[in-house]
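The following blocks contain the structures, represented as structure tokens.
In the two complexes below, subunit A is the common chain; its partner is subunit B in one and subunit C in the other.
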Partner chain A sequence: MYAVETQNLTKRYGKTQALKGLDFMLDSEEIMVLLGPNGSGKTTLLLILATVLKPTSGTAKVGSYDVTKQPTKVRQVLGISFQEARGFWRHKPAEILRFHAAICGVPKSRRDTAIEEILKDLELWEARNKLFMHLSGGQAKRLEVSKLLIQRPKLAIFDEPSSQVDLRGKRKIWEQIRKLREEGSTILIATNEVREAEYLADRVTILDQGKSVTCDSVKNLKDEITGGDIVELELEPGTDSARLQEELKQIQGTVSLVSGGENRYKAHVSIAEAWVPKMTNLCFKRKTRLLSVRVTEPSLDDVFLHFTGKALETPKNA
Partner chain B sequence: MRNVIRLVWFDLNHELRPPIWIIMEWLTFTIQLAIYGALISQLVTGISNYQQFYAIGFVVMMTFDMGSHTGRHFVEHAHEGRLPYLLSLPIPRSKLFLSIALQGGIELALMISVPFVVTLVLIGNFTIISVVAAIATLFCLGFGVAGVMLGLSFIAFKSADLYTAITAGLSSIIIRFSTVLYPFIFLPPSYAAAALFSPLTHGSDLVRLFLGFDPNILLNPVYSAAILAALAVSTLGLGMFILQRLVEGVKSA
Partner chain C sequence: MLRVLRLARNDFSYFFRTKWLMAILLSLNLSDMLVVALVYRKLMTFDYFQFFVPAVIIMGLFVAALDTGRRIWLAIREGVIHYYLSLPISTIGIVCAYLLAGGLAAVVYSGSLLLIALIVLPAHAVWNTLVLFPFLFVLAMGLAGIAATLAALASTHGEFFFAYQQIVQIVLLTLSTVFYPIDVIRQYLPDFLVRIVSANPLSLAADAMRKYTFAGFPIEPWPLTTLLLASLPFTIIGALAYLAALHTIQVKGKL
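For the complex of A and B:
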């Protein structure tokens, strides 16, 4: 049984179709990242799973519970951290977390220590008695994430967990999310931040215009790009470069090879892990010394571009 | 039930921090009654003490305001992003609805407590039963009005401006075409016909009856009680239906 399963899920807002027959599966205790630009349907999917929105058609299940037929059961096993932390302007962070912990059934004996621990770890302890309306955007976002870290649900849903947060804060949030998974939670994250996806994902689902374009591990997705890996070589001076260049082009997996100056080459290859040993073997046979090798993988932005024909990180959302 | 109490307390704590608006309402009532009520009662004939009549009318108007505030509050929740959060909590929708209704009831009780006591002191002639009956009538009216506003909330999910315009227009019609300020028998026929449809007419006449006003200048109490009870039950039922079946959190992006 999947932790989450949707079949032919659609959602319409008037004339706009946010989800177009989405089939999506999430295994237990994995971190799945939904990657897609704004308007791709990520938030809509998360809100349907959290029973905040109702699907127009199709089915969505969390564990064995159907989101439309057993919404209360669904809400008892999941928690959601929203994209925008809003609402209780005149409450203080500690009060908000105390309320959330109590209503989500966190035992009273554990509440205060858990709240203190999370607030300290996410550097909110000093701000615990400030009114919500006086928190910075980053603090409000960290507070929103803290709710789930205290609740520790079986299925934790994060909508852009580290947006508006500085790099140090992002790392802390990511570490906490990983810790949550290690303790047995299944994690579903929506983001359009490539670094976040690379850091956290066991698998990535690429969403575009309400549809799942592909779903696989980060490594497999990168390997799918023909010529996506870049290998930069520097050979010792005096090498018969013309001959070696021809032989390098013959190695299986070479998509293109260009000279980058004297004894320097830049090769676009399909799978660098397979190409580099063949290349070093060739150099050994030709008694040519390699001075340096540098391998660059494609980013998830390249993966997104490959599968959708569009760049994920635009200057607007990068 | 514990979660309902938690929700009510959490939200009430938010609304009453600081409790300035409730104090301002009490002050408004006191000033209106002490100055305007006292002056106007010198001019009105046909009612033995218009200031007392006016005091009850004003309490009924405050009840109406509070009921519509509860409905609007729900809509504000949606637009401020609180509704999606509340909808995602692990409690049944019926309990969420109960918490909204209870919170509205407590806010109503707080808001009218001082004006109601002042009115009772002004009238001076009441019994425990008549006071309880008057309070029950006010709550029935408050829940009914909150239910109407909740029933209209689905408009707000399409357009908050349209909702504001409709509820403001409806409120002014319901208040103007009612007996909150003038007895039914003194109203012109066309005005009186419209006033029969206003829940405030029935609420204010029933409270006045319980607090000792002359039944000859008031509507039939059985008729008024039946209308208020039907209004509260039907609109609260409608509100609950909307919350369980139709309401979705406003999508933020």
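For the complex of A and C:
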């Protein structure tokens, strides 16, 4: 049985179709990242699973519970951290967490210790006496994430968990999410941040315009890109560059080769591990000295571009 | 059930945390009670304190219960309602929690006004007040139901909610015996409106408080049963309206 399963799931808001027959599966105790630009249907999917929204058609199950027919049962096994922090304006962070812990059935004996621990770990301890309405965007977001870290549900859903949070805070949140999975939770994260996805994901589902484009591990997705690996070379001065350039292009697996200045080349290759030995062999034969070799793999942004034909990271969401 | 109570307690505390609202309500109600009622008592031929203070208390109950609508509207606007819908509590439970909290906040608030008034009232008034309070609680839940309906109608337009609230307040208070005795109303209003005034739960509550708490008559079951019957439809309509609003949010994503 899957931790989450949707079949032919659709959601319409008036004339806008946010999800178009989505089939999606999530295994127990894995971290699945939903990657997609704004408007791709990530948040809609999460809100349907959390029973906040009702699907227009299709089915969605959390464990064995149907989100439409057994919403209260679903709510007992999952927790969601919303994209925009949801808090009571006139309550303090500790009070908000205490309420959340109590209503989600966290044992009373554990509540206060857990709250203090999480507030300190996510650097909210100093802000514990501020009202929610006076918290900064980053603090409110960290508080939103803290709710799930206290609740520790079987299925934890995070919608852009580290948006508005500084780099140091992001790392802390990511570590806590990993720890949550190690303790047995299944994690579903929606994000449009490539670094977040790369750091956390066991598998990535790419969503575009309400549909799942592909789903696999980060490594497999990157390996699917032809010419995804980039090899940057620097050769010793005085090399017969025109001839060598032609020969480098002939190496099996070369997708393109461009000159990056004098004696510098940038090759897009299918699998760098196979290409680099052939290239060094060629240089040895030509008695050409290699000054440096740098291999970089494609980012998830390249993966997204490959599968959808669009860039994921725009200047706005990068 | 425990979760419903926790949610109710949370919303209940939110009412008393809204300091600006508390300041406005208390200053208005206390000045009415301690200045208008006590001073006018000396100027009029009848005991204006005994007539007017129950009116102030019922008005306090009314206004505090109507604030439930403001809190519901805020929860919708700020997305807190999404948070509630994700908690391990049924949708009906959320509705019940709001009405319970609205009723309780109104009773506690008006109770504090009554405590101040009790300083000048005889001891037997305390017992009658204790009997009367559960009925006032049901009335307050009904009024909270009206507020929930208004919040559902207003959707995300806060200004509409406050406009609706003012209209309901004017209509319900004007067509009641809260501020004028029924004899005065009979002189100026047609018969069908007099009947509405008599059936208005605010009239029933104000009259019950005047008679049992302030005048000290022994409690009679029938007027209190009438108060209960007049309040329940408001509670039910409010609960249904709020449920419908939550359903709309779940289907359309907004109201």
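Everything below uses one rule, namely that the second predicted complex is superposed on the first by the 277 of 318 C-alpha atoms of A that agree within 3 Å, B and C clash if a C-alpha of one lies under 4 Å from a C-alpha of the other, contacts with A are read in each partner's own complex, and residues count from 1 in each chain.
We adopt the following convention: contacts are C-beta pairs under 8 Å (C-beta built on N, C-alpha and C of every residue); 3 or more make two chains touch, one makes a residue touch a chain.
On a predicted model such as this, the values are computed, not experimentally measured, just so you know.
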Fit-or-clash call for subunit B and subunit C when the two complexes are aligned on subunit A: clash
Touching partner for A:T191 - first (subunit B), second (subunit C), both, neither: neither
Touching partner for A:S162 - first (subunit B), second (subunit C), both, neither: neither
First, second, both or neither for A:G105, with subunit B first and subunit C second: both
Which superposed partner A:Q176 touches (first subunit B, second subunit C, both, neither): neither
Which of subunit B and subunit C A:S40 touches, first, second, both or neither: neither
Common interface positions of subunit A, toward subunit B and toward subunit C: 13, 47, 50-54, 71-72, 75-76, 79-80, 82, 84, 86-91, 99, 102-105
Touch list for subunit A against partner subunit B, complex: 13, 38, 43-44, 47, 50-54, 71-72, 75-76, 79-80, 82-84, 86-91, 95, 99, 102-105
Touching residues on subunit A, where the partner in the complex is subunit C: 13-14, 47, 50-54, 71-72, 75-76, 78-80, 82, 84, 86-91, 99, 102-105
Touch list for subunit B against partner subunit A, complex: 3, 6-7, 10, 13-14, 17, 77, 80-82, 84-85, 87-93, 248-249, 251-253
Touching residues (chain side subunit C, partner subunit A) in the complex: 3, 6-7, 10, 14, 17-18, 74, 78-80, 82-83, 85-91, 250-253
